[in-house]
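Which chain is which? They are A, B, C and D, in the order written, and residues in each are numbered from 1.
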């Protein structure tokens, strides 16, 4: 029987190794797998490359991984936000490498990895410094930049509901990078609010089919959630 | 007020010109906009290029356009099926041009057009005669073929339900090429079983957001439907 | 000279948003354009994080923490709206499906180059977000910005000094002094506010301006 | 010699499909493999037209005309299944998400080249469908075919004579005579049915076979 449900957050991330490339879903504070990130922080894998749209704010989420100096490199479209103090500090200290990628290019590179493509030609960034050193091509009179597939070892994603087959549905704008990251990693781990029975998700409304998901873990009730 | 509902099938296709590139959704007999195809046949635009997975069977759908000799070129992955007599006849007569594209490549080329990409590198077809004359590239030790974006003038698609904003949901495996074709044409026309009120489609379950759809037309009740 | 306030500038852009348009409003000043689009127009707002049909801010007790716009503000969804992932959202942007994008800018060149993502100050880490995708993708790209910097330097230049967001992408510039079109012949003033003269506006612009047609 | 029937061949492949596998079965003989996967295994079948969790044929009064498999037969959906479009379906295939694909073949080469989409007969229009995507994408590609043509010509060759579907893609060949692995050292017989000898099978194979390990 197919059962991708993992009993604890800790067990879900236990095999993430030092030096891993880890995708983390989310945009701003929407759709972030906060509890998986905390489990990863406690697990303590080091020298990580993190692929995520943002770099965390205050002491939360990705910022906590930065604070604990577990991250060697960030791949982001928008690492600097109000409150991204840990990223800014490490960047100033030269303690972190940054690969800045336009947001849509980040998405297409992730999707390409999940879809088995080697790369895509995007018009985004053509003629700008973010295309420096990249192959370009004019197709039908328009300039494009070659952007290669960006796979990961692990994807930590956040969904609203899952079943034991790993099918996922999301909450409102909480999708953002989560569905595409689910496709692009060797191991995809989904933190969800609720686990439902197989067959309870409408097959017309499943956003991430279970084939893309390896482990599902339910959020643990937090003390402050009860407040 | 946004209202993309078109009163008749005939009106929906009235501006399709001779020589147009027309995408037609469907796979086998699933998810085909049969009534829009019939409206296009009666409209009579000639010298069409049709992009569709198959080439129709018997006298139905695309086969009826072939029979009336309205089609100059077919772009297909699988034009030959049991019963594809009109395609086979015209092919034998040298009366039709065929561009054969592997099915996943067809999909990516359509998606690339809709997503504003110039092209993608796919491993599909590498080292085969379907890559003859195409640019290839080895990325991380793996061979890929450059496949360029394939846009269209018009997409005729089939969905199950629509609202006046053009939001669409489909029926089971009737999605196939319809959602990606919706994104790739200058004018997208959707034939649907039912039109519902704006707000009646669950925003979490909309498959094709209305931005991709220009016209929506309800199927007309056919005599044989009542049988 | 007549200088429009921020609100007046947003109101002026709003006048040019047609009924039925699909529009993406950039972070900051452009976001406020939505406040001034008249009620008889139905405009569908896109947010890069995966929303079509963005509605107004929710009542405090109706906040959904996942439902934010690109500027990370809580929003709502209109009836007829939908949610989707990053790839589909940027397909809408890059694929030419949005009618209008309104963005802020540091600088705009005479040929419509846009610089709005980085200055030449290397102290801060860079951030680009979705600006480059919007710049190349929207059918029409409007820039909404003050005509000059706080220290009265020109922001409309022959060539941008700051790193480009996109080359030749801007269609129209709305400033606090004027509305200027980027045309094949050069920058053409479309509208001068109040009694502002072409000469006055030209004096604050580091690229030649053509008179209104 | 012992020659398996079509059903026996399908049954033999079914034995090697593990519990929990995501599997795509090609049109024709491969489709029947599903009939022989034992009930204690849960296998999720993918259909290229956009289904994960393909179930058995429906009762005649339960047919949904849109719900067909790649072979255009009416099917059902299992609980836990889902629907998606062509781009996502082929992302599953090309992106290495399927554990096993089982395809028919005209010819297979000693290095795992697959020819299954076209012969050298130009009378008929060509058709390729999803075969090339499956060939490059599945984690393991199994070929299920008769060992020889109806006229007793070898189908396992040093080099394919027919146009390739994919180069170096086949992992294992299931014929009516034997099971053969494509390895770095060459074609290695994994299993001989009944009393079939290596020499007998080799005589019907136009590429060298290595003995079972």
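Things to note:
Please note the rule applied: a residue touches a chain if its C-beta (ideal position, glycine included) is under 8 Å from a C-beta of that chain, and two chains touch if they have at least 3 such contacts.
None of the values given here were measured: they were computed from a predicted structure.
Between the contact lists of chain B and chain C, the overlap consists of A. Most remote from chain D, judged by the distance between CA-atom centroids, is C.
Mean C-alpha position of chain C lies 54 Å from that of chain D. Averaged C-alpha coordinates give centres for chain B and chain D that are 29 Å from one another. As a whole-number value, the distance joining the C-alpha centres of chain A and chain D reads 35 Å. Residues of chain D found to touch two or more other chains are 77, 83-84, 87, 90, 93-94, 136-137. Within chain A, the positions touching two or more other chains are listed as 108, 111, 115-117, 122-123, 170, 172, 203-204. In terms of which chains touch, the assembly is arranged in some other way, matching none of the line, ring, star or all-to-all patterns.
According to the touch criterion at the top of this document, the contacting chain pairs are A-B, A-C, A-D, B-C, B-D. Of all residues in chain A, those touching chain B in their complex are 108, 112, 115-123, 137, 139-140, 142, 144, 148-149, 169-170, 172, 202-205. Residue ranges of chain B in contact with chain C, taken from their complex: 1-2, 111, 113-117, 163-165, 167, 183, 198-199, 201, 203-204, 206, 209-212. Within the complex formed with chain B, the chain D residues making contact are 47-51, 64-68, 72, 77, 83-87, 89-90, 93-94, 123-133, 136-137, 163-167.
Chain D meets chain A in the complex at residues 19-20, 22, 42, 44, 46, 52-53, 77, 79-84, 87-88, 90-98, 136-137. Within the complex, the chain B residues that touch chain D are 27-31, 53, 76-81, 87-88, 91-92, 98, 100-108, 110-111, 122-130, 170-180, 207.
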